[in-house]
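What follows is subunit A paired twice: with subunit B in the first complex and subunit C in the second.
And now, the complex of A and B:
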């Protein structure tokens, strides 16, 4: 029994899962209908489905971020790339009336943004945080240029489908996020890419000397991170049926980094977990729902969220848990 | 001479595994005492016990007649026992003076504003280093100095904190011979001032250059304490490895094979006037299958730079490299590996191992990388290859699935050779493969190299130890001041090599 408990505790996903479980329990206690699922108009409805749906853009961005961080990088421009992709998608769909053109254009622009970041890091040799800071600041401006400073409202019905549609009874966005993360996970385990990313994250120089093509791989990871931000941008703009250059994806980069950390990926590179990141994104979205369902006044909303995140991070900190355990088991002073 | 530090009947076990079983050690004031033994003989454990880094489990230690029981390195330091480790444990971003006095900075009186008295700090640092015959700008950041200087700063710090017993744990492994000579001069000076110095090293020559007495450990037990003057090379090696003496004259690979046997074959690699500005000038060399080219020279002579150019780690800006007669352009290691080259870098920690990956992943990394981005090495094959290489190179680990960072330096080095061999290279470049490895381990690696050459591999072997090169090389290229000083045939003498290396530092050889 104890051995089983110890094995469970040693699982890297144990603490993120426990945190998510506690949050859901808290919500269920506060709101008896929280766990209820209903089948209406051929779709699943309920708070849990809602969380899944709303966490989807964050989970996608955080998945891209996980790989970049695993290879010792960082991308703080993802929020701005979301805005650029949203603006591009909205503009294209308004101009051409074609969903396919809009999607392809938005994703292509986002990919280009990611590759730009990657080039700055790999070819120019900038610090990742500085390299992506450039696009983080400039990106909002670019998005405003695309929208000519206006909020573009989207009247094209098929575009709605990305953010609000359903597939097999589940929200499209959630299906997309799950599919991407599962595919990615499979790709990393059936190909040696996962090993290369870890090697680059642990010791980039040694990996390069060992023959791992560290530079092209790192470049591609930034490109992929941009692509994921683009996908999230499409979902977000479709959700609200508009592209707002100023507000789409604000602070999303910080939420993404938080989700990655909550999931047990080391910010120092090397150790990463996509499943952990997905759970991290769910934790953050559940937190947000909790705040709404508790009826926290809007003015203390952020303070409350900060406090909750603080508690969650304490729970996840191995050092903190060790010191708690030390307090609990310290023998009494013989004197 | 007065006995300063006495350790009697030291027993120490890690998690039930004995590392020391009843070792005695005596250190006298005013002597340099070499502590010798192979990897795993118990040198490090003994030092840890003496310096409080490991608790004293069984046995007695006394310092100047008083029993002591240091519970931490700080406590040992307060008693007068300081240690300088192989890796410099200082802060590169602080100045030399700050490093020496970190935690003990002279302060200004509060009437003068309080804070650190920088003038006194720098003055005292200068005086202290001058006492070691060392003059540098103590206000400069430590990291701007070469490792040798950093080591000297570490020693200055140690002797300023406490000046009775100084323990130097492999202080010379990253120094070139000039720097070693400087260090020895400092050691002799300290010895004259009555300090007792424990000197741990793998270099036999250095032991004789500076030590008065030698204590040899083997398998956690004391073999004996000898006066350095009365114990010759062969006897020392015999004491360390526990075999009858076979000096360097009687190594199994003598005489070195001449290169005539393979003279007609196409060279595997040829370098013509290979050069890179600021790195090396005009290197010419060729290696045929079955040959071992030795690359000799002092630290900083351009040895490593030649290897980096050949392996595509640096881009040459003049000259050409031909592989099997074809001119190639190498822009990154992956391209060199595609041409069936392999490289064991000198800096194992920073350029070699990927610390948190398992031993298996580390060994197959290059083989896997050569297969590209999508195709994964089959699980069974991965296990078969790593098992085979671990057996062949005698890699000792509890399991091949533990992180490579948990292995000892010697075993990590073997893993790096295993990684190279896993790709079945036609050219293997080894940069200082025997550094930091004990005598028996060195011999094993040298035997492996000759065997590989006998099977038709071409090897480029870089080493600072000329006798090692002469033992296996079929020909030798000597580097000096970042250019090729000359080429010698196999079977040359050490004197011939040293004549090309330029004036070898006296006393070290």
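And now, the complex of A and C:
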């Protein structure tokens, strides 16, 4: 029994799953209809589906961020890239009336933004936080330049499908996020790429000397992170049927970092979990829903998020665990 | 022979002064450009307004400079600033406390907030960006807890401070600008003439060596973050006087402007090298970009952000080149 408990506690996904479970239980206790699922208008309907749908853009961005952080990087420009991609998508769909052109253009611009970040880190050798700070500062300006400072409203029905449509009864955005994360997870476990990323994260120099092509891989990871931000930008702008250069994706970089941390990825690199990140994104969205249902002003959510960051951060700190262990568990430890 | 002796008598130009001189030259070039392009640009009041309109940014950036000199970063300054405006307005207007009690109280509060962040960073070896990110959430969230609406300040003391003008010949400075200039003066003294300042530079150069030399690394780090919190609170009081209101959306993204000013001012983000004077010029450069955009009249406001982004990029690349060269010469010396 004790051995089982210890094995369970050692599972990296145990704490994120427990947190999510507790949050859902709390919601179910507060609101008896919370767990109810219904079939309406040809698709599933309910609070859980709503959370899944709203967590999708965050999960996508956080998946990209996970890989960047795993390789000892950081991308704080994702919020700005979301705004740029949303603006590009909205502009293209208004100008050409073609969904394909808008999607391709938005994703291409986002990919270019990510590669730009990657080049600054890999080729110029800047610290990741500074390299991506440049795009974070300039990005909203660029997005406003694209939209000429206006909020572009989208009057094109097919575009709404990305953010509001349903596939097999499930929201498209959620299906998209799950598909991307599952594909990515498979890719990283079947090929040695996952191992390479961990190697770069643990010691970039050693990885390079051991023959891992650290620079091209890091560049690709930043590109991928940009691409995911672009996809999230399309979903967000489609969901609200407009592109707002000032407010699309604000503080998304912080939520993404929070989701990554909650999922058990080490901020110092080397250890990552995509499934954990997905659960982290769900925790953040469930927390937001809980705040709404408690009737607290939604902005106060920030304080709860900060408390979560502090707890997770301290639990990850070896110094903190050592001091707690020294205080409490030593007498119980048989070893 | 004569040319050789001339070269010999020229004082050796300290390489560490290169970034600072580049910043100064850039500022002068912008002034010359403005003077050639627009009538009335050289009016003294235009320059005094730079100090008046950017007083809070200048104060916050001075605190940020010390943090960056130690190799850290403080993302919480914008939110602490907003929280100070909000708390001032609430305490003075709603709780009817004396402004002379509220101001020292909030300055101490800002310092305590920063000190706590510094303690967490030092004691538990947490990354500065994630701790101050959580601090940013906490402070912004507390703003919303006080009130989600703007609170106007009608207290006679604050109104008098806002209307106060310090005459300089036929022109004048605001009380906020005077406070900002005094802050810069105190910071110059602290950085270049005290034991504390030398310890800050030593920690930025190499924290381990500093500790081995017996310097109080932990205490200094806590004091540096406390100082940044104090400066953010002081900037908040200055902004309350400038805007005569407390609002939770004041100074959103101010931390980015402060970091940009520090970098453009020639402080290396890896720590150990930089000047308070450079930061002051960096803030003036950000201000003059805005002034140029206003004088032009046809440019939209978002160009400010894009130009700041481009400048950040150029300065970061230049820093990398200087670092690379310094590393090379070091190696040659060793040989």
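Worth pointing out:
Just so it is clear, the second predicted complex is superposed on the first by the 296 of 335 C-alpha atoms of A that agree within 3 Å, B and C clash if a C-alpha of one lies under 4 Å from a C-alpha of the other, contacts with A are read in each partner's own complex, and residues count from 1 in each chain.
Criterion: a residue touches a chain if its C-beta (ideal position, glycine included) is under 8 Å from a C-beta of that chain, and two chains touch if they have at least 3 such contacts.
In this text, all values refer to a predicted model and were calculated from it rather than measured experimentally.
One of subunit B and subunit C touches more residues of subunit A, and that partner is C. Of the two partner chains placed by superposition, A:119 touches none, neither subunit B nor subunit C. Of the two partner chains placed around the shared chain by superposition, subunit C is the only one that A:319 touches, whereas subunit B remains out of contact. In the superposed model, A:291 lies in contact with neither subunit B nor subunit C.
In the superposed pair of complexes, A:44 makes contact with neither subunit B nor subunit C. Of the two partner chains, neither subunit B nor subunit C is touched by A:22. In the superposition on chain A, A:108 makes contact with neither subunit B nor subunit C.
In the superposition on chain A, contact of A:203 is made with subunit B only, not with subunit C.
When the shared chain is aligned, subunit B comes close enough to touch A:213, but subunit C does not.
Legend: residue contacts after superposition of the two complexes on their common chain; A:240 is shown touching neither subunit B nor subunit C. Overlap of the subunit B and subunit C contact sets on subunit A: empty, with no shared residue. Residues of subunit A touching subunit B in their complex: 190-193, 195-196, 198-199, 202-203, 205-213, 215, 217, 270-271. Every residue of subunit C that touches subunit A in the complex is listed here, in rising order: 73, 120, 123-127, 129-131, 133-138, 140-142, 144-145, 148, 248, 256, 259-260, 263, 269-270, 300-306, 308-310, 312-313, 316-317, 320. Partner subunit C is touched in their complex by these residues of subunit A: 74, 120, 124-127, 129-131, 133-142, 144-145, 148-149, 245, 254, 257, 261, 267-268, 297, 299-306, 309-310, 313-314, 317-320. Residue ranges of subunit B in contact with subunit A, taken from their complex: 311, 313, 332-334, 337, 343, 345, 350-357, 361, 365-366, 368-371, 373-377, 419.
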